Amino acid sequence: MSRLPRLVLEPIVRTALAEDLGLAGDVTASLLPASARLSARFVARKGGVVAGLDCAALACALVDPELSFTARVEDGAALAPGEALATVTGPARAVLTAERTALNFLTHLSGVATLTRAFVDAVAGTGARIAATRKTLPGLRAVQKAAVVAGGGWPHRYALADAVLVKDNHIAAAGGVGAALAHARAVAGHMAVVEVEVDTLAQLDEALAHGPDVVLLDNFSLADLATAVARAKGRAVLEASGGVSLASVRAIAETGVDVISVGALTHSAPALDIGLDAM
Amino acid sequence: MSRLPRLVLEPIVRTALAEDLGLAGDVTASLLPASARLSARFVARKGGVVAGLDCAALACALVDPELSFTARVEDGAALAPGEALATVTGPARAVLTAERTALNFLTHLSGVATLTRAFVDAVAGTGARIAATRKTLPGLRAVQKAAVVAGGGWPHRYALADAVLVKDNHIAAAGGVGAALAHARAVAGHMAVVEVEVDTLAQLDEALAHGPDVVLLDNFSLADLATAVARAKGRAVLEASGGVSLASVRAIAETGVDVISVGALTHSAPALDIGLDAM
Amino acid sequence: MSRLPRLVLEPIVRTALAEDLGLAGDVTASLLPASARLSARFVARKGGVVAGLDCAALACALVDPELSFTARVEDGAALAPGEALATVTGPARAVLTAERTALNFLTHLSGVATLTRAFVDAVAGTGARIAATRKTLPGLRAVQKAAVVAGGGWPHRYALADAVLVKDNHIAAAGGVGAALAHARAVAGHMAVVEVEVDTLAQLDEALAHGPDVVLLDNFSLADLATAVARAKGRAVLEASGGVSLASVRAIAETGVDVISVGALTHSAPALDIGLDAM
Amino acid sequence: MSRLPRLVLEPIVRTALAEDLGLAGDVTASLLPASARLSARFVARKGGVVAGLDCAALACALVDPELSFTARVEDGAALAPGEALATVTGPARAVLTAERTALNFLTHLSGVATLTRAFVDAVAGTGARIAATRKTLPGLRAVQKAAVVAGGGWPHRYALADAVLVKDNHIAAAGGVGAALAHARAVAGHMAVVEVEVDTLAQLDEALAHGPDVVLLDNFSLADLATAVARAKGRAVLEASGGVSLASVRAIAETGVDVISVGALTHSAPALDIGLDAM
Amino acid sequence: MSRLPRLVLEPIVRTALAEDLGLAGDVTASLLPASARLSARFVARKGGVVAGLDCAALACALVDPELSFTARVEDGAALAPGEALATVTGPARAVLTAERTALNFLTHLSGVATLTRAFVDAVAGTGARIAATRKTLPGLRAVQKAAVVAGGGWPHRYALADAVLVKDNHIAAAGGVGAALAHARAVAGHMAVVEVEVDTLAQLDEALAHGPDVVLLDNFSLADLATAVARAKGRAVLEASGGVSLASVRAIAETGVDVISVGALTHSAPALDIGLDAM
Amino acid sequence: MSRLPRLVLEPIVRTALAEDLGLAGDVTASLLPASARLSARFVARKGGVVAGLDCAALACALVDPELSFTARVEDGAALAPGEALATVTGPARAVLTAERTALNFLTHLSGVATLTRAFVDAVAGTGARIAATRKTLPGLRAVQKAAVVAGGGWPHRYALADAVLVKDNHIAAAGGVGAALAHARAVAGHMAVVEVEVDTLAQLDEALAHGPDVVLLDNFSLADLATAVARAKGRAVLEASGGVSLASVRAIAETGVDVISVGALTHSAPALDIGLDAM
């Protein structure tokens, strides 16, 4: 599993700590003696898939370099209810000060990974891949995308600058799919994937004639998805999107599309219940 | 409704835009002519409570000062399905570049406000107030708390520095509730609320003897909550917390507690479905 | 004594160092050989109360991690003239580069703590507490408030967001004290202290009828302060403010008010004379 | 009077506002109706010299661009007691939110300018110039130096990188004054002033033999200062420093030194009492 | 021509201005009266291709919003010697303060665009595209890549996260080209281009068997390039790189490769001589 | 050789790494096992003068503190073709991730140092010093100036705030050279060098009458430079500038001027070819 470099995580974790510390830090923690020490375990109250361990570790390190954070598993691991995923040991004040921020990362990102894994499992064996979207929570794109990858999904575009996604209005402005794709390639160059969004099978045919890398089939019926696969398979990567749920995703996958993108992975994943228990 | 100053919102919105723009900005938008203009409406696909309008407005303004964003409602307004909450008009490239970031704020924060309103409505008439917690998503505390307020809830502590929340380990370290509260007041002064968390009625009695501002009743049964209210009413604000759901919240409120705090408002609110439709 | 977390101090200390280093760092220090080492003591030229040790330590660490800074006392300690408060040892270039920034923190913050202690000592035995205000020097609020606490004072509000302080114009706008306090509570919730500022005994009576947490008695005469205490004691915390000096503070305290807030602690504290002497 | 560019002021003013706004902004201001407007005057309660007008103006503009701030005087102007220095008009909430930060800049920086002017006036007619030092308050060097200039003083070095100030240990390490000055020039080049600090007349003679731009006479007696002037006048700028007070500064100036540097200008200037009065 | 959003440019331009302004701004500019106004033209002393107009405009706007910057051409335009590319009008102090920073952007980025255009012209008619590399100057990648695009080149990867570029050691670690490509795709997903670097024709054959999007032919002879084109044309985009100069680029292009990447475009482009002349 | 403090380098290196890492870091590096280790040498492909070692070391440390970077030479050392200047050892993923950023610093800054050394060598024995200008690449002034110093040159002004450089329009506005210099000194004080730019010998005479520290002779012919030296030598430092090349610099130096400033050192230095070779 690839890990995000500390340089990417650091501003995100610093921001989270700064909003929790305010100007005076943890005034309650000062009730504990400075010399008190504490060991505690991060425990999953329910089963799920872990993500965000690096964020939690960094939150502890930034609160106090004397805190020792030890992960017992890696991002992407499946957790049984009650299973400990990490431990932290060190000055008690620091443990309590870091606790909430570390948990906020772990519970949210594990929630994302857990939901992703549920979608991935639902399409197991079909060959379809589950992908995230740009519907991420503000400021958390890097870590949410990493959590999707930890859950077994694909990250999709990270930023508007990464790839080209041509839609109706672009095509209209350019004077047709071909012109739009040519313009896109001329600007973006050979290292950017070019994707075209289509709403109908007729648009799909037109798009395929101009060699896009990926075609996004937006809100297609299952029947149309199957037809699209029959027409396009091998000529472009096909991505289905729109109103995908755990209930519907397997049927979509069975049409033979290559990728199914799901906004809910990052905009609506409920937190995984994780707590910190003193040892 | 109080509004967050631009200075508080700006770093949050800039971070969100920066992660979407990358180093090259919206390469697809360049397919549109620079002179093309577009007007579009932000429309609620489902009913809910709106929040995040200032964030969306700022996202548009930061992408291009020529974008004109006009809110049709205020944060906290109830939206019918299909209702337009705002419009944006200006250079088409800029509208498309700002679209996703503006929507990411609106859908998430309206999700928080909508869930809050559901809890507030569930306890209507009981006198209990719904409050958020520090279980917020990293980097989004200010705007999530504001969304809770828009939904009719109370923000609770913003930061560890704001108020004192004394728990078991603090009491043990201080040598008793009284000593802990005295220490807390000596450090934090007269402008910080002092809250004590208790797990049992016996602890409640001990805490009340030392005059805390607020007592947090953690995971009390309904019967114990009622008893706590009978013993403490008028001597301290009583806050119930732990495993509160939409199904259970009314019964909790009917015990007579003053405040019910709900972590799910900020850690597990699903997005409200909002889209941007060209006019 | 509670200590501010490094995350709170770091941007303040980095800014101070950056403005001293410019783009080329300490060009004079390069006259020393890179291998030269130096040990030096921070010595109080006059008696006072120390504060800012963590800032000075961090300034040294940020200039060069090889610098070893050892505090001989803790923030809040009383220093005799000539007493050493800390030592620093390491590469001579780094010691000289860090010297001025470390001293600027120590001399200013110890000045704040020393002045605070003078006020605290002046009211000894009366039960009154000395508090700071929001009249702090721009960018230094966190460390100045901590210096006040080191001197034995209370920090008062850290930020506008922390507590509610209702004044005349708010009352007029709300249509009365009661309405203003109710509005304040509705927005700020149960974790924010609500304070009302009054100019006359009549206003005090009106305010007390609506249960504020704290009443600020602004520029009251000694006689009126005493009357206020008689009327209000026990119903709200009473805070006196306005034109408080070392000459007048004891008489104010003897009226029985709970808190006396003093802007001069942070806006007019002269530096404590501290120097760095080679050992 | 030269003015600092907004780019230099902006991070300083933003930091000051951020620490006052916290995560929720001015919760009390929300008691006022959003439509309420207010005009108010910044008034000097006592006489003095104004500085910091640009900071106050920027604080208002950053809180709300609708605030109109109008200076009635310029930095450096002498204020009579009761004189208005500026007005602000706009949304009442914004005026109250910006008030404290604007005042904190004005009262502190006018305090610096007022103290500087007192020293400048004390040496009037002697030809000596009053200069600041690097003993500034952390984070405020740019604006404090500008306030010194507004008061009629000279800024001295802004940063360690600006100029070379050779002291004993540098001379010892270099093997003599001449070697130290040569080394300094070789590194710093022709655009950096080279100053040497001396403690005795003998050191002065040695220094003068090597052509420094400026000689700092540290803690010289009046008699020695006069002797130094006689020996050096015209060969180098002479700067006196060490324990300079308003009581002693004229006598020092009358020895004929060119510059007298005073740390107290920036480390111990009491605030000038300025308030904001509604009109 | 696509333009970078202000949000991308702003930190780059602010940094450049900050390093030029220091703590006191342009002390020389204060010799001019505050009311003096100036109009001036940016003039190319030699012929070339312009880039960086947005940076120059932003530098002027950030120094003083009253400065009016008017571009006479667009990025990518060919300039004759002596041709004016833009004008600036406004307060004379501000014009002089902004001058150097604006020129530093224009001269460097126009240098990059001019060199790029020379390579593009050299391969005219061959079908080969000229591309930049990640050999950019620290902190300037976004604007250098935009300058390459202005010159008619392709930007190539913006960041390590954008695309996969598999080299020898990756292949060895993965156990072969196929395994490496599969691993790459599994991590990066369907929206990232996968490129493989090869040093020999044998490696090219092996790579082609596994369907990379792009093959980088590193330091191939002209003969080998031609052979590579014959074998691979249509199966993958072929990119030639290594020691490409203006003297050699046409011959390389005539082998039929699709893309030629040139590090010198961004690491060794001499400045285009542009000056600011008062009008 | 003086070294820039880490605090000065850190924002520059962090910015460079951030633009290379994007939101996902080095996706290709994940093809290597996390446990793989690598040792590699930075090798000069051609001869030159090294600079930027601290930047390269910091880039490695910021990517992964486990990377061990060891410089074999110091900034300013002359490198033979093929000579190794540093080694890096540690996790293979981290080495590859840091490689390009470290090289971008080394190749550019060594290019600056190499070009500077060529100019310095060209004037050897004449007594003239080579100096940089403010024509630096945006964001890189600190490190480019340090590279010039490494190459044997002088840094000249770091910022507009450092020194005064009076030109025609300032003189006209002030009403003459004398008035301009007096004004400049009054604002900038005794620690700023005052330089005057002149275009003719007549202007030089006028300038010398008012005692500037430095006179900039702009675009003087060799004959006029020699005349200027004869008239001014000893009364002010003389700096020649304008169209200086390696071909012309020796003749300029032989006129006897003190300093020759060369914009090309920082705006047009080609990169020194340095690569990273696995050991």
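Going in written order, the chains are labelled A, B, C, D, E and F, and every chain counts its residues from 1.
Keep in mind that, in the parts below, contacts are C-beta pairs under 8 Å (C-beta built on N, C-alpha and C of every residue); 3 or more make two chains touch, one makes a residue touch a chain.
Fair warning: this is a prediction, and the values are worked out from it, not measured in the lab.
**Q** Using direct touches as single steps, what is the fewest number of steps from subunit D over to subunit F?
**A** 1
**Q** Out of curiosity, which chains are bumping into both subunit C and subunit E?
**A** Joint contacts, listed by label: A, B, D, F.
**Q** Among all chains, whose Cα centre is located farthest from the one for subunit F?
**A** Chain centre farthest from subunit F's centre: B.
**Q** Go through C-D and B-C and name the pair with more C-beta contacts between its chains.
**A** Of C-D and B-C, more C-beta pairs in contact link C-D.
**Q** From the C-alpha centres, identify the chain that is farthest from subunit D.
**A** Most remote chain from subunit D, centroid-wise, comes out as A.
**Q** CA centre of subunit A versus CA centre of subunit D: separation in Å?
**A** For subunit A versus subunit D, the centre distance works out to 51 Å.
**Q** Express in whole angstrom the distance between the two chain centres, defined as the mean CA positions of subunit B and subunit E.
**A** Computed from C-alpha means, the inter-chain centre distance equals 44 Å.
**Q** Distance-wise, how many Å sit between the C-alpha centres of subunit A and subunit E, to the nearest whole number?
**A** Here subunit A and subunit E have centroids separated by 31 Å.
**Q** Mind pulling the residue numbers of subunit A that touch at least two other chains?
**A** 2, 19, 21-27, 29-30, 97, 141-142, 155, 158-159, 161-163, 187-188, 192
**Q** What's the contact topology between the chains, one of line, ring, star, complete, other?
**A** complete
**Q** Using the touch definition from the top, list the residues of subunit C that touch subunit D in their complex.
**A** Interface residues on subunit C, with respect to subunit D: 11-13, 15-16, 19-33, 36, 38, 55, 92, 96-97, 100-101, 103-105, 107-108, 111, 134-142, 158-167, 169-170, 173-174, 180, 183-184, 187-188, 192, 263-264, 267-268, 270-271, 278.
**Q** Looking at the complex, which residues from subunit A come into contact with subunit D?
**A** 19, 22-23
**Q** Across the complex, what residues on subunit D touch subunit B?
**A** 14, 17-18, 21-27, 29-30, 34, 62-64, 97
**Q** Show me the residue ranges of subunit E that touch subunit A in the complex, using the header's touch definition.
**A** Spelled out, the residues of subunit E in touch with subunit A are 2, 129, 131, 149, 154-158, 161-163, 187-193, 195, 214, 237, 239, 258-259.
**Q** Help me check something: in the complex, which residues belonging to subunit F touch subunit C?
**A** Going through subunit F, the ones touching subunit C are 1-8, 141-142, 145-146, 155, 158-159.
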